[in-house]
Amino acid sequence: MKKIEAIVRHFKVEEIKEALTEVGVKGITASEVRGFGRQKGHRETFRGAEYTVDFLPKVKLEIVVSDDQEPKVVSTIIAAAQTGQIGDGKIFVTNIDEMIRIRTGEMGDEAV
Amino acid sequence: MTAQKKGPWSARLTIITILALMIGCSRSVPANDVTPAPTTQPFVAADIAFVLIATAMVLAMAIPGLALFYGGLVRRKNILSIMMQCVSLTGLMSVIWLLYGYSLVFAPDLPYSFGFVGGFDFVAMSGVLPTNGESGQTIPAVGTIPRMSHFMFQMMFFVITPTLICGAFAERLRFASVCWFSVLWGTFVYCPVAHWIWSDTGWFSEFNTTNPWCKAFDFAGGTVVHVTSGVSALVCAIIIGNRLGFRQEPMPPHNLTYTALGAMLLWLGWFGFNAGSALAANPLAVAAFTATHMAAASGLLGWSLMEWLSHGRVTLLGACSGAVAGLVVITPACGTCSPLSALLMGLMGGAVCYLACTRLKNAFQYDDSLDAFGIHGVGGLLGAILTGVFATRMMKGGTEPLGLVDGNPEQILYQVIAALVTALYAAFISVILLKIIDSSLGLRVSQQAELQGLDIAEHGEEGYIFH
Amino acid sequence: MTAQKKGPWSARLTIITILALMIGCSRSVPANDVTPAPTTQPFVAADIAFVLIATAMVLAMAIPGLALFYGGLVRRKNILSIMMQCVSLTGLMSVIWLLYGYSLVFAPDLPYSFGFVGGFDFVAMSGVLPTNGESGQTIPAVGTIPRMSHFMFQMMFFVITPTLICGAFAERLRFASVCWFSVLWGTFVYCPVAHWIWSDTGWFSEFNTTNPWCKAFDFAGGTVVHVTSGVSALVCAIIIGNRLGFRQEPMPPHNLTYTALGAMLLWLGWFGFNAGSALAANPLAVAAFTATHMAAASGLLGWSLMEWLSHGRVTLLGACSGAVAGLVVITPACGTCSPLSALLMGLMGGAVCYLACTRLKNAFQYDDSLDAFGIHGVGGLLGAILTGVFATRMMKGGTEPLGLVDGNPEQILYQVIAALVTALYAAFISVILLKIIDSSLGLRVSQQAELQGLDIAEHGEEGYIFH
Amino acid sequence: MTAQKKGPWSARLTIITILALMIGCSRSVPANDVTPAPTTQPFVAADIAFVLIATAMVLAMAIPGLALFYGGLVRRKNILSIMMQCVSLTGLMSVIWLLYGYSLVFAPDLPYSFGFVGGFDFVAMSGVLPTNGESGQTIPAVGTIPRMSHFMFQMMFFVITPTLICGAFAERLRFASVCWFSVLWGTFVYCPVAHWIWSDTGWFSEFNTTNPWCKAFDFAGGTVVHVTSGVSALVCAIIIGNRLGFRQEPMPPHNLTYTALGAMLLWLGWFGFNAGSALAANPLAVAAFTATHMAAASGLLGWSLMEWLSHGRVTLLGACSGAVAGLVVITPACGTCSPLSALLMGLMGGAVCYLACTRLKNAFQYDDSLDAFGIHGVGGLLGAILTGVFATRMMKGGTEPLGLVDGNPEQILYQVIAALVTALYAAFISVILLKIIDSSLGLRVSQQAELQGLDIAEHGEEGYIFH
Amino acid sequence: MKKIEAIVRHFKVEEIKEALTEVGVKGITASEVRGFGRQKGHRETFRGAEYTVDFLPKVKLEIVVSDDQEPKVVSTIIAAAQTGQIGDGKIFVTNIDEMIRIRTGEMGDEAV
Amino acid sequence: MKKIEAIVRHFKVEEIKEALTEVGVKGITASEVRGFGRQKGHRETFRGAEYTVDFLPKVKLEIVVSDDQEPKVVSTIIAAAQTGQIGDGKIFVTNIDEMIRIRTGEMGDEAV
């Protein structure tokens, strides 16, 4: 199994979720992250103090899928998450040794 | 609709102009030769105390009341922009009111304006300020309070009215455009309408003893405040267009606790708004106070009832919206209707505004983001009409029958005429102002700014930094 | 204790019933033939102004004061449910008060009730509203203010009292059950007790000039408001049972800034509650105001002192709780005790309530979730007794000795009797009401709903959406 | 500067001492033989009502106004500590005021103090409380209100002034040190200065009919409140030193919505502060109210204007800071200047304080964390001077020319002298107090506590638990 | 070493922490996530606008342990986190190349 | 490629970011976590209820770098994040199968 981690823009999350559901993804775990990268931050000013905020709000999606689903899922995410502007984000793919559904104890592809 | 910023210079010019005007005016007013001579000073200390406190309470409706009510309803990324609009408009409109707003409303008719608007007698507080002559200090009065107190009380209405409109175009307008629109709207919509309805010579004014075209009751500003702002809000929502992603992605309120807190403060402040409109601490103020509270209570129940019937559950946002709807509906009527009628009016207000904010908006798909029209426009119109139904001398004293229940059915007609003329006028001027601003400054922020949120894009600040 | 919902119909029925009642009543009241004839109109504008503002301040204690104080103490998932209870009860109790609450408290005794409760003379505001006869408008008065103003001021007490109880069963009750319980409790507990203590014919009333059983001082409602609600809160906590996970997992306040803000607003609003109870802007109101503030200040210090002695550090929650405790304790006494006694009473109140909220609750392991009993019940009882100690004619005027320090030790006995009878009665009726509601609607939400949080489970809303 | 805690015992001792004092005092005051005999009781109900409400409004400036204004500006981990300071100082200073504060300010001169400070005549409210003699109740009066009402109104000034200073040393001081500093500062700075400026015998008092050294106008406490606290704040910031990481890491406000809410509440409460200082509901109160509002409005615009000119955009924090700056500047002047002058003063206040909070602070690199000096110190000094410019009998009545615009240029000199003497005195005493506290209790928390945040380190609580 | 990621219900966290401590786990990193899966979301209504919230609040626990501890830890989590209702969550196991304790620079099993 | 996960103290984040930028790191994803470990929690008291908070606020940094950059990055983090006090945190290194830049579709070391 593979874990696909995608760092994406906030307002793309719904779209990605729907696209993924259509290609058969059954579960997603999302979290709020702040990302630093090529995308320029913004300046904030509070009375005298001015500083740059480099870490911009992004969403990280984690999706575990069976090995054969992986390419499909990755391309679906790319299609749905792309705007073409700097800051669209990244996808990382990692190998997963084992996956277990807590409710039933099912393991492996069963648990996806 | 152009989206790009026209550069900060336009904005800087704005401020400089206002500044220049301000200094100019404050120079040009010879503070010691005011003409409209008030001589006797029949002040009642209790009325002064009451109206001063009421003034503070009305201000509390705008800041922090409305700032929180609206602020909670937007998405997190726009919370500061809406609070900024509320607080900045408070500053801006107060200065405009001092410069000429009060005069356009309450001064004797502008010559040749046929009662359309007030003249310049009270410009920059001339005729409002005390004077020190040989015979000692002379303080202009309105009723039993200094005219300056009347000036302040009415100022707060001028402050809050354009602020209400901000609910319609929240989360997408340039800050500079909001300021310009509000100042122009205050000048060209609020001032004339308030003159029609509240001045001694207004067309629809019950205080016009000589020749009112059609005498309408509007005790605390149902038409002046809520119909004007509500209808203009609808026009704004339509002309400015929907938020990006409207009806595609959820745009839930980011902090309902603020919205609830804001609604509670509105409820409290409204006592000042309505009871204070008696301009004296008398039984009429008590009656207005009571009607106000009962309508808020039953507005809350009316909206909740509709929710219960349609979804089987009630929401805090619904309860709060209903209370505000009840308050809007009772505003024109609170000085003339009994608390029992207020109960019914509030109930109807809650139910009708519920339908406006859910069914009507869904049917026509305009993005009245925070339901400024659904609550203030619809509630204001409903209130204007119901005032004609429920006005009764029981509360107001006197011997003439007032509304339908009192045996004077034609009052309803007057109410409808005044409200409709006002609504059409407000809509018409709003369209013109929006067009002008759009083709000069540009109304909307850029798409990128809208996605990023106005707090960072327009103001370079963030609301919450919780990490 | 049944946990499942009994379907939304019961709830819908509720609202429909209330609605029917409301319309029925408002029809059946012939507004022009009120009998209990008030003739002279000895109104003092300053008193009207003062009582109106005080009324708004008391409302501010419930919304937003208590809504925030309690709201901050619950877990995030229940924040809206508690705010919803506060605001909805405001709407609901206000209507009940208009329909019959005021009458049950302040009308002449119900025939054959032997002073147990008021009659129906003031039902639906008859005898409260002005009338317009041949001889012009007649406005019923209480003292120097219109009766309608007295009606409104007292309404806010009726609103806030059941709301206080919500602290005991927070985070686990069905919303419909909260509404039903509060309405019934207001009717069967608050109204009789307030009649006993505050009406002209009440058993324990100092205003009962003919034949009081035992004259108790309760200037602003220590017994009427705090003992009744606090004791009922304890009964609720015990009968309803603990929250899931109580004493197993931490349940820390989710937003202490709200709790602090709420406490500050309570402090401010309490000035209206206590000083307003003078019903006039006179030196007595000033004395009550002063005592109120000093007790809050020293209540804060008292609680902090206890914390310091036991943990070596002080907390914001402690300081705020102590201030509220001080305010509770001074409520019955503020019109009769000196500011120096208030200082001592507050100090004792802070310390004693600290022990009640920590030691007592821990010893008996009941889940009085937000310490409604620990603060209002215990503080109310303590205040009732201490009023008998510290009441003095120095503040109240007159020549009769009032309390122990004034040379009238038996007053303590009267105070204890009135408070105990009230406490027992409130507990007894509360048990019955809870049993009835539990076996019909069901009191608690389902386990799943409790885990999920009432905001989503009961109201389909979320408090904060910060992403 | 020692950083480690000196153990909780010192703190416990504090409380015990206060307690002892309190009990001692309340015993030692024979409530029935007050000497400074006030005989007639010329009370005006409206003035009582007005001053009582104003008192509550001033308290609302401290809690919750300042608590939120400051609270929002600190980092999340210190939110409770700042709220705790605000609420605890309210409790503490109120008790001190009762014990001796009021007396040191308003009692006749302490013998041989040459007008430096008041004596002990009003200690523990003797001479303030009513007395019950043979001839009935006698209630000491000040003008048209009971002296107890004057006592309460002035108490709130005593409460808020040291609280303002907390902005300078936020996020790094031990709670016990804050309490000690405030109590000592109130005693040794506030009381004498207020005596100089407001008592009937003060050196700079306009009420000193016999022999004022130099008559300064300070209607509502520009010098007494803002210059003293602002200048002391600067001294604190410098002596206590910067926060860890100051100018290395960003320290943005954690919740600007609170700061905005706080500023709005300050604005509202300031009406009580300024208009209430008329101590009567008269046209002067109206004038003060109006000037207050106009200065807030134009202060907002002034600061925004500066921001626009320097960054091309405006911020909510700027608008709110500007409004507060305008309010500070108008405080000494609001009873003597016209609303048009108030407009100019506010504008200047907004602009000048902007420069102080940005340029000045950046240039000297002191860590006045929340700009207590930048706004209150600078605004207070500016206001004191401008009062000499704009004071006019037009608003205040009378025939003597008052300020420069009225034809009395030397008034500016008096204003400057009073403000400077006060500033130097406050700075001097503050240095001494800080040194004493630092070498006994220790001023700062440990480094670890500062990194962890004071909420957990000092109070064992967290502000928000949102998961 | 293995990294065990468990997506679990909020109110189970304390219980799991205690169970893990008992089997010798020395460190846990927790974070707030929102999960989409078989568990049905709920409907929210705001005035006119009604929509379904599919992402439900969950907690993600990350625990790095030595290879031999892994089975024990996984079974402990399952035991403590199970309610049997849909939505109990998942466990993912990944291989970790290296682990370092920042304070000391210790590496590998030493650092756990 | 390697994913480096570092659990660090809040007030060290800026410093680490700057140190990493200097050694050529182009992207970082940060998130708020709460960590339980050797570092002692603190006690909180709310009226009667006293309890210990074991999960302390930390920041998790995730950085994906090419294999050869890894040692440099790890040592840079250690240098910048160390205070020497218990609770400095941990670094985990995992192997990443694939990395994709959503904006361009670039893969592998190109995407870093």
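Going by the order they are written in, the chains are A, B, C, D, E and F; count residues from 1 in each one.
Methods note: a residue touches a chain if its C-beta (ideal position, glycine included) is under 8 Å from a C-beta of that chain, and two chains touch if they have at least 3 such contacts.
As the structure is a prediction and not an experimental result, all values here were calculated from the model.
Common neighbours of subunit D and subunit E under the contact rule above are A, B, C, F. Between the interfaces C-F and A-B, more contacting C-beta pairs are found at C-F.
Counting every residue number used by either copy at the subunit A-subunit F contact, under half are found in both chains. Subunit B and subunit D, compared by their mean Cα positions, are separated by 34 Å.
In this assembly, the C-alpha centroid of subunit B lies 51 Å from the C-alpha centroid of subunit F. Centroid to centroid, with C-alpha atoms defining each point, subunit D and subunit F lie 46 Å apart.
In subunit F, the positions touching at least two other chains are 31-32, 44-46, 53, 94-95. In subunit D, the residues that touch at least two other chains are 44-46, 49, 53, 250, 252-253, 311, 315, 317, 460-462, 464, 466-467.
By the touch rule above, subunit F contacts subunit A in their complex via residues 3, 17, 26-32, 62, 64, 94-103, 105, 111.
Residues of subunit C that touch subunit D in their complex: 44-47, 49-50, 53, 57, 75-76, 252-257, 260-261, 263-265, 267-268, 271-272, 275, 280-283, 285-287, 289-290, 293-294, 296-298, 300-301, 304-305, 308-309, 311-317, 319-320, 323, 338-341, 343-344, 347, 392-395, 397, 399, 464, 466. Interface residues of subunit C facing subunit B in the complex, by the touch rule stated above, are 8, 11-12, 15, 18-19, 22-23, 25-26, 29, 31-32, 41, 43-46, 48-49, 52-53, 55-56, 59-60, 63-64, 67-68, 71, 79-80, 83-84, 87-88, 90-92, 94-95, 98, 124-125, 129-132, 136-137, 139, 145-146, 148-149, 151-152, 155, 175, 258, 458-467.
Listed in rising order, the residues of subunit E touching subunit B in the complex are 44-49, 51, 53.
Interface residues of subunit C facing subunit E in the complex, by the touch rule stated above, are 245, 248-250, 451-452, 456, 460-462.
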